[in-house]
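Next come the structures, one after another.
Paired with subunit B in one complex and with subunit C in the other, subunit A is shared by the two complexes that follow.
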Partner chain A sequence: MKPQSMGQAVLIALALIYLASLYFMSSPVWMGFTINALIVAVVALAWNITGGFGGMASFGHAAMYGTGAYASAILQVQYGINAWIAFAAGIVAGAAMGAFIGALAFRYGLKGSYFALVTLAFAEVLRICASSFAITGGGSGLQLRLDPGLSTLQFNDRTVVYTILLVIVALVMALTAWLKYSRFGAYLIAVRENEDAARALGIDTYRIKVKAMAISGAFAGLAGVLYLQVWLFIDSAVVYGSAVSIEALIGPIIGGAGTVWGPLIGTLGLHLLGEGAKHLLHNAPGLNFVLYAVVLICALRFLPQGLMGLAGRIGTFRKKEDDNA
Partner chain B sequence: MLEVRNLSKSFGGLKAVSDASLDVPEGGIVGLLGPNGAGKTTCFTMIAGFTKPNEGTVRFMGQDITGLPPHRICAMGMIRTFQIVQPFAGLTVQENIAVGAYLHHHDRAEAMAVARQVGKRLGMGAMLDRPASSLTIAGRKRLELARALATGAKLLLLDEVMAGLIPSEVSEIVGIIRQIRDEGHTFLMIEHVMQAVMSLAETAYVLNHGKMIAHGTPRELVQDPGVVEAYLGHGAAARLQEGNHA
Partner chain C sequence: MSSLILPAVLSGLTMGAVYALVALGLTLIYGVLHIINFAHGSLLMLALYAAYFLFVHMGLDPYLAIPILLPVFFCLGYVLQRWVIAPMSGGSEQNVLLVTLALALIIDNLALYFWTSNTRSVDIPYAYNTVEFLGAYLPLGRVIAFFAALAAAPLLWLFMTRTRTGSAIRAVAIEKRGAEIVGIDVNHTYAICFGIGTACVALAACLLLPTFYVTPQVGYTFVLVAFTTVVLGGMGSLPGALIAGLLLGVIESLCGLFLGESLGQIGIFTAFILILLFKPSGLLGRRAA
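Right after this comes the complex of A and B.
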């Protein structure tokens, strides 16, 4: 989690200064905007586990995000179950969906663009299903009853919401860092770098990949549940739409896939850019996605390791002996 | 330690390996020789579980392991290396070796310590923090061996670890392999470098067109007319004989 160079330290400091400054700005617009960005950052961190460390680029993280959101919403709205339990159930549902998609895709040895297409197909099928069944509220979606309180996990005060989200993002990043430097993380990176060599070294690559999808699915499910608890309303287009899947992958790619800070920094940067462009160009709808596409193409062309990779080359610190770490 | 019986494998119409058998005794260094395309690597992929044989059985330490996946076989103590070296390019040398060490050392600090120790033993102490992608071919071959050793495997299948090395590098690796064997490891090695085979292997098998055509000590094999023909072409043995008499 520690920066490896002056450049990265500056990048991380900028992000932290921005996040801290919201406590002093008292601007509901910026607060609301950043709350959204933090929820997206969680799904970006989810994508980073499989796409960044594992090299399995998904184009359908909405499948797990939406499943988390719907699982929690259905339990609360249709069955009147407590929000905390529904919260946990949403995470579990996201993990289960991730494991299921992974188990199927990897059983048939899907890789690269085939894997991406299958995840996209799953998200689309789920979107259509969610818009046609009664239990998911059909086309009109599901609305949580407004009832602020700790037991319902609804908070009127945006500063409280913001703080909770910051804590959750920090936790997910800490988990990411821990995973990265664990046996599982090393195995996942080995699978990304060279699957045959990984198999030869005793790694059950199928299990590692499915496990990665489950963990990633849990994070994505968490992001979906957070969206539900913050905005109290979901429908199939919002949580299963491809916008979610695109935002999940674009942040890590811009910020630096396979790094701990990259997904957050990329997501914040992109959202700030999109928001800025919106104000400059008077809310032309869909403009942010055009802008994202341009930035993504530039990043893929010129920044193969994202902003963290670029910053990593500026003022490198002396590398410490790994044994002492 | 390893008993391979009547292995066969075809790719489409091509019989890459047919009816090949071999034995590797514990603590031995056994060579597997043969001209290009003879089916040596294919034998390794079958023994190590990367492809299923059409026919035949593989027994390792008394257990039938035919058709088991590579990770199970590796956990039992047998590992293969690759002819075309396969480093994890984005990782450092030490991290590469640690991936092997993680098999039996689940803790990162422990795995990294084992990796350091194995790396130093193979003379890679100065390169541990370098990215694996920066290694020369000799370095990569060594890394391949180091990673395999770090898994704690007892039987190592080495696929041409000396190909592409200059003679001084070859004799270094030969020394290292002999030392590792003396510490209790067993080797089955595919090798084209005759100097290495002659000085390391106690016995060797020769494969040609997928068939085992000879088995013996390296010294016996170089005098075997069938082996000479396989390498140098039909009639070569007879011509050599004439040459010797003249």
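Right after this comes the complex of A and C.
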């Protein structure tokens, strides 16, 4: 997690200064905007586990995000189950969906664009199902009853919500860092670099990949539950829509896939850019996605390792073969 | 119920022919360039709008717009591949996928910005004249689309097998380095192939518009159906795409009949997941994933 160059230290410091400054700005607009960005950052961190470390680019992280959100919402709305239990259940549901998609896809050796397409198809099937059945509220979605309190995990004070999200993002990042330097992380990176060689060395690549999907699914499910608890309302287009899957992959690629800080920095940067453009262009719908896409194309061409990779080349602290933080 | 099945199958076949036409372009691009073009549906949406505006502003019948839109979209595809997709992706498969995804986002959202999310359709009364066939009543526009799409597939096949350009495309698809050695301009051939794929989409749009509608989101639905068709038919197989398109049209129509209109597409996506999992090489494909 430690920066390895002056550039990365500056980048991380900028992100932290921005996040800390919100406590002094007392601007509900910026607070709401950053709360959204942090939820997206959690899905971005989830995508980063499989797409960044594992080299398996998913186009359908909404499948796990939405499953987490719907599992929690169904338990709370339809069965009146306590929000804390529903919260945990959402994470478990996300992990289970991730493991399920992974197990099916990897069992038949799908990779590259095939894997991207099958994840996309799963998200789409789930979206249509969620908009058609009674238990998911059909087309009108599910709404949590407004009842602020610790036992319902709903908070009126945006500063409290913001602080909780900051802690959760920090926890997910700490877990990511721990995974990266663990044996499992080394296996996963080995799978990304050369799967055949990894298997020849005795790594059970199938298990590693399914495990990565489960962890990634747990994070994505967590993000879905966070969305539900913050906004108290979900429907199929919001949580299973392609926008979730796209935002999950753009942030890490621009920030630096396979790094700990990249997904957060990429997501924050993109959202700031999108918000700025919105003000300049008077809230034109969809134009922030045009901007994201242009930035994505430029990043693919000019920043193959994202912002963290670029910053890593500026003012290197010491010679090291691995220049990702 | 059984009296409803035959009309549903026939109506599915007419829609399936259009799916096949869209998928023909996609499978051609995949077979030669080995890239999955995410922007394919967005280009279809663009062509639908082009045909729509030609009708609204110039009173041009969508069928008569075909000779105009076909070359325009061929050029658009050529330019996109040669000067945007190829240089920006640097050749890696994952980057191509992401660049075309980004293009799709740009096209879709610009369409949303300029043309709003209103659903638009053209009013061509004769397109809804019904044709009776085996007790089923089909709109004339759908019947025309069916036969035009069926005619386009063998024409494309003839082009690929009987012309010099077609031979060059097939040569590049099989052995890129070898094609380069015998003097084929690979980048030019790639772009031509992408152009032809895009022209297929323009044809599909002109055939679709009289009995369909256009919104900025329509591309997303079609691109998923087109992927399914391509995968089911076998990546890169032209006859496969034709058969798969017709089959999926029928599957969608029957699922809509038995499960309800809104769940019609479930059949397509379930088929997609099942094929990807159990037979990724498709019906007529030779190469596995």
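The working rule: the second predicted complex is superposed on the first by the 318 of 325 C-alpha atoms of A that agree within 3 Å, B and C clash if a C-alpha of one lies under 4 Å from a C-alpha of the other, contacts with A are read in each partner's own complex, and residues count from 1 in each chain.
Just so we're on the same page, a residue touches a chain if its C-beta (ideal position, glycine included) is under 8 Å from a C-beta of that chain, and two chains touch if they have at least 3 such contacts.
Treat the numbers as computed from the prediction; the structure is a model and nothing was measured.
**Student:** Figure out whether A:Ala116 sits in contact with subunit B (first) or subunit C (second), or with both, or with neither.
**Tutor:** A:Ala116: touches subunit C, not subunit B.
**Student:** Of the two partner chains, subunit B (first) and subunit C (second), which one does A:Arg199 touch, if any: first, second, both, or neither?
**Tutor:** First partner only.
**Student:** Could you figure out whether subunit B or subunit C reaches more residues of subunit A?
**Tutor:** Of the two chains, more subunit A residues are contacted by C.
**Student:** Tell me which partner A:Ala186 touches in the superposition: subunit B (first), subunit C (second), both or neither.
**Tutor:** In the superposition, A:Ala186 touches subunit B alone.
**Student:** Where does A:Leu104 make contact in the superposed view: on subunit B (first), on subunit C (second), on both, or on neither?
**Tutor:** second
**Student:** In the superposed arrangement, does A:Glu275 touch subunit B (first), subunit C (second), both or neither?
**Tutor:** neither
**Student:** Which partner chains sit in contact with A:Ser131 here, subunit B, subunit C, both or neither? Use first/second/both/neither.
**Tutor:** Only subunit C; A:Ser131 stays clear of subunit B.
**Student:** Applying the document's definition of touch, where does A:Phe59 land relative to subunit B and subunit C: first, second, both, or neither?
**Tutor:** In the superposed model, A:Phe59 contacts subunit C only, not subunit B.
**Student:** Would you please give the residues of subunit A that touch subunit B in one complex and also touch subunit C in the other complex?
**Tutor:** The answer is that subunit A has no such residue.
**Student:** Show which residues of subunit A lie in contact with subunit B when the two form their complex.
**Tutor:** Touching subunit B: residues 181-183, 186-187, 189-190, 192-194, 196-205, 319, 321-323 of subunit A.
**Student:** Would you mind writing out the residues of subunit A in touch with subunit C in their complex?
**Tutor:** Subunit A reaches subunit C through residues 57, 59, 104-105, 107-114, 116-118, 120-122, 124-125, 128-129, 131-132, 242, 246, 249, 253, 284-287, 289-290, 292-294, 296-297, 300-301, 304.
**Student:** Applying the document's contact rule, which stretches of subunit B touch subunit A when the two form their complex?
**Tutor:** 48, 50, 69-71, 74-75, 79-82, 86-92, 94-95, 98-100, 102-103, 106-109, 111-113, 116, 129, 147-148, 151
**Student:** Applying the document's contact rule, which stretches of subunit C touch subunit A when the two form their complex?
**Tutor:** So the residues of subunit C in touch with subunit A come to 36, 87-90, 93-95, 97-99, 101-103, 105-106, 108-110, 112-113, 117, 220, 224, 227-228, 231, 260, 262-263, 265-266, 269-270, 272-273, 276-278, 280, 289.
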